[in-house]
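Structures for review follow.
Across the two complexes that follow, chain A remains constant while its partner is chain B and subsequently chain C.
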Partner chain A sequence: MEHKTFDAAIRHTDGVVAIDMTGDIDGAAEAAMNAAYAQADAAGSDPVLLNFSDVGYINSTGIALIVGLLAQARKSHRKLVTYGLSDHYQEIFRITRLSDFMGMYDDEASALQQL
Partner chain B sequence: MNEQPKSNRDANTTWAKPVDQLQVSGVPTGGINLNVQGKHLSGPLNGFGQLWQKTYRVALTGQEVEPTRLIREWKSNFPSFWPAGNNFFGKLGSIDPGDVAVLNLSGPAKSSISTGIMVIYADDESFSFMTPQGHIFAGMITFSGFEDGSVEEGGATVAQIQALVRASDPIFEIAARLRIVHTQEDIFWHGTLANLARHFGVTSPNVTQKDILVDPRVQWGEAGNVWHNSAIRTGLNLPVRMWRRIFGEKQ
Partner chain C sequence: MTARLTTFWKNLWGGERAVAPTVDEPATSAPVTAILPAVDIAPNDPLLAYLHNVNGPVEIARLQMESPALAEMKATGVVICVPLVSQGELIGLINLGSRRSEQEYSSDDRKLLADLATQAAPAVRVAQLVRQQQIEAAERERVAQELRVAALIQQTLLPQSLPELDGWGIDAYYKPARAVGGDFYDFRSLPDGKLAIVIGDVTDKGVPAALVMATTRTLLRAASERLGSPGAVLERVNDLLHPDIPARMFVTCLYAVLDIQTGHLLYANAGHDLPYRAGPGGVEELRARGMPLGLLPGMGYEEKEITLSPGDTLLLYSDGLVEAHDPQRQMYGFPKLRDELADFPGGDLVDYLLTTLHNFVGPHWEQEDDVTLVTIRYDGPAHNGALTQLADFTLPSAPGNEREAMAQIAEAVASLGLSPDRLEKLKTAVAEATMNGMEHGNRYREDLPVRLQAESDGQQLWVRITDHGGGTDIPDPATPDIDLKLAGLQSPRGWGLFLIKSMVDEMNVIDDGQHHTLELVINLAEKKDTD
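Let's turn to the complex of A and B:
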């Protein structure tokens, strides 16, 4: 599988901040991912929705980056939910116990319903 | 970070399959096999103490070692790079997703702590471990290699260990705040990276360390993890091990 450069953009929708991610989440994604989260964080106390629909590959460094985001969100009592993870990565979120702390939904509508 | 991934990127082969409870395949005579069998994995968010990201690095200066070769040899000889007095009882010669290993770590006053790890991820340029309940730290440790400039330009391949961990329970957190377990952890990984660098011909390895406090809070909801504390459980089992050593295993 070819490496796809990571990018992230934020958008405001229905009282939440969504971070739309594309490409692969690995060590090279660190700066873009942290910048997107910082932007979302600065937008206020809205819950954050992580959109994984267009994410390709996630390696263990990428999982560590997501753990870091989740830790920041918990520190500021901000709710963080995800949608668009493939079945395989939902399994990986269970292995790494990330699923204990963030909801995983199939699509944006289901995720918004839970917020 | 300077990592530019070029390795195999098939999530079906690089990630471990989910497991409910860890299964140990065996530990050689003399090893202490406690606190792993039947335990659940415990991620960076399941522990009690402050969440730290600790990054240790050594540059293989002057040596032409591709990151893939670094990781291949690191995986093949993983236990041999550990500082003396610590044992890694895993599959010989490789590190593969899903592998479970028992660790006997040297503790205070020449004691031993039996705990373990599961390999949750492995590709050509990195591999990651996750800890079970009761381990000193709850979290993930990733071992990786990447190029930091070319050798001709004065750059080198860098070996990195990055731990994202929090003390598992209040007792380990007290030891962490007193710098006892952090100092042991730092000495351990500095020693490991120095041994690894010497293996590749670096005569005076310079190991660097960067710590980031990701979450300064403790998680009181996880205080009950103390029930699984591997140091206490290994200590409590000492009379049983001594009895067996003196009188032998009753069949």
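Let's turn to the complex of A and C:
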């Protein structure tokens, strides 16, 4: 299994900001992920959509990064909403209770509909 | 009187012209002065039509017509001829030359000849029919003998017994059509413990097909001993077969190599009917491109691979099944075969398919072609308590190498038939355990590798990840609590062991003072059917 370099780009959609993530979420993703979140934060988006559709691998360090984002969002009283997680990672989000704090949707349309 | 009986009849076997066997009259005490040669009369000779419509003896000298046969008769000295007619059919002639007294034939002679013809005609007809029947019987016997030889060659060369392998059920069915075709199948144990499987079909029928089948089988066996890869085997056999195979004949053939430990199947196909994999995961056609053997030299054969899971059955077959017709002349066909396989409830696939075939063709089916079925069912690793080692490898402690660990373990356990969900969980657990080993046990020192082992007894799977961090007390990390983490009271990290424990049925820690091992346990039996 090849390492797929992480990248994150912000996109304005329907009045909110989505962070489109691609590649593997592990320790190497930290800088790019935090930078993208900072941009979304600066745009004042609430909620911030996290698009996992093109993420194939998340390890425990990646989970820690997402916990870090969630902590930041909660400090600034913003919501994080996720979509596009595979069944496997949806289960990991449930086991770790990340799903208690972040909505999980199948796709962007479903996520936007719930706002 | 010298007479010669000349007969003719239609060529019963489609020859160009009539044949005219001759029957000499019995020898008499008087010396024979001359024997008239036999005269053949072509079917379109006008003499034939003339003789068909006359009664009694005919004086040849009085006939005037453009007839090659008449000219020949005159030239050879035929004076009088008497048609032999049986049941309205002209079946021969009695040709006579001049009387020995040189006198003309009297009216008594003519009457005698007419009577003789009347009585001789039925006897000649009976003789003709007897001879015809003898020829037909000889032909039938020749064909039957050829079929016996073809069937004998074929039956002798088919495997006399089937491989018996723990964890596998192999079955074969072969029923020749009346005109024996050139179907064959074969199994061969390879030196590395794998099993070579072959099915083929020679175009044509009878002895020629059987001989080509025997040759092909021998070439395949010889090539499989020296060449491991199915594509290379077919390429070699094609090149050897091509110069010698009779015109308009060729051989379709599928050649596969099965790893009976893992279920991995590597195959190549020389234009044979596509095999199917049928099982809990659905029905899959196994495609691989290649020309039939013997058609063109220098052909290459595409190789493909799959890994069979427990519960899967591989079907190899010949066209006698899919080209069978029902009483309305509808063909069994591939769509039906695929549908039937999709409905296969498990068990004996040969019995199941034969039942579908017999229901389709009905009770009065005349089998048109050989029907050959070979099925290979994977029951899963043998449940005899014996451990099967699935993987044992090391990886340098370098960031990112956990991905290689995941990939190699996933491939190694493919034969166990884990559901996609359980496989993903195992991969996550292996990745986290490998990362732990590389980071905490080996401090990411590349000279200290992590060792990964996987083994199974069919009931359980054990994956062990060993690092060099033995002998040191590793404090039991606190169970991650997301409320505390979000409140900043616990590090956001520290999910590794928690994830590993959540992903497998059991996690054990083994420490021998030098090495530290995480043992991941998956129960195969209890979850297989419920996932």
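Everything that follows uses one rule, which is that the second predicted complex is superposed on the first by the 114 of 115 C-alpha atoms of A that agree within 3 Å, B and C clash if a C-alpha of one lies under 4 Å from a C-alpha of the other, contacts with A are read in each partner's own complex, and residues count from 1 in each chain.
Note that in this section a residue touches a chain if its C-beta (ideal position, glycine included) is under 8 Å from a C-beta of that chain, and two chains touch if they have at least 3 such contacts.
Only a predicted model underlies this, so the values are computations on that prediction, with no experimental measurement involved.
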item	value
Overlay on chain A: chain C relative to chain B, clash or fit	clash
First, second, both or neither for A:Arg94, with chain B first and chain C second	first
Which superposed partner A:Ile10 touches (first chain B, second chain C, both, neither)	neither
Chain B versus chain C as contact partner of A:Leu85, first or second or both or neither	neither
Partner chain in contact with A:Met33 - chain B first, chain C second, else both or neither	neither
On chain A, positions contacted by chain B and by chain C	1-3, 26-28, 57, 59-61, 63-64, 67-68, 70-71, 74, 88, 92, 95-98, 100-101
For the chain B and chain A complex, residues of the former touching the latter	1, 3-6, 9-12, 14-19, 41-46, 51, 53, 120-121, 123, 126-128, 130, 140, 142, 144, 146, 162, 164, 214-217
Chain A to chain B touching residues, read off their complex	1-3, 24, 26-28, 30, 56-61, 63-64, 67-68, 70-72, 74-75, 88-89, 91-92, 94-98, 100-101
Residues on chain A engaged by chain C in the complex (per definition of touch)	1-3, 26-28, 57, 59-61, 63-65, 67-68, 70-71, 74, 86-88, 92, 95-98, 100-101
Sites on chain C touched by chain A in the complex	399-400, 402-404, 406-407, 421, 424-425, 428, 431-432, 435, 480, 482, 485-486, 488, 491-496, 498-499, 502
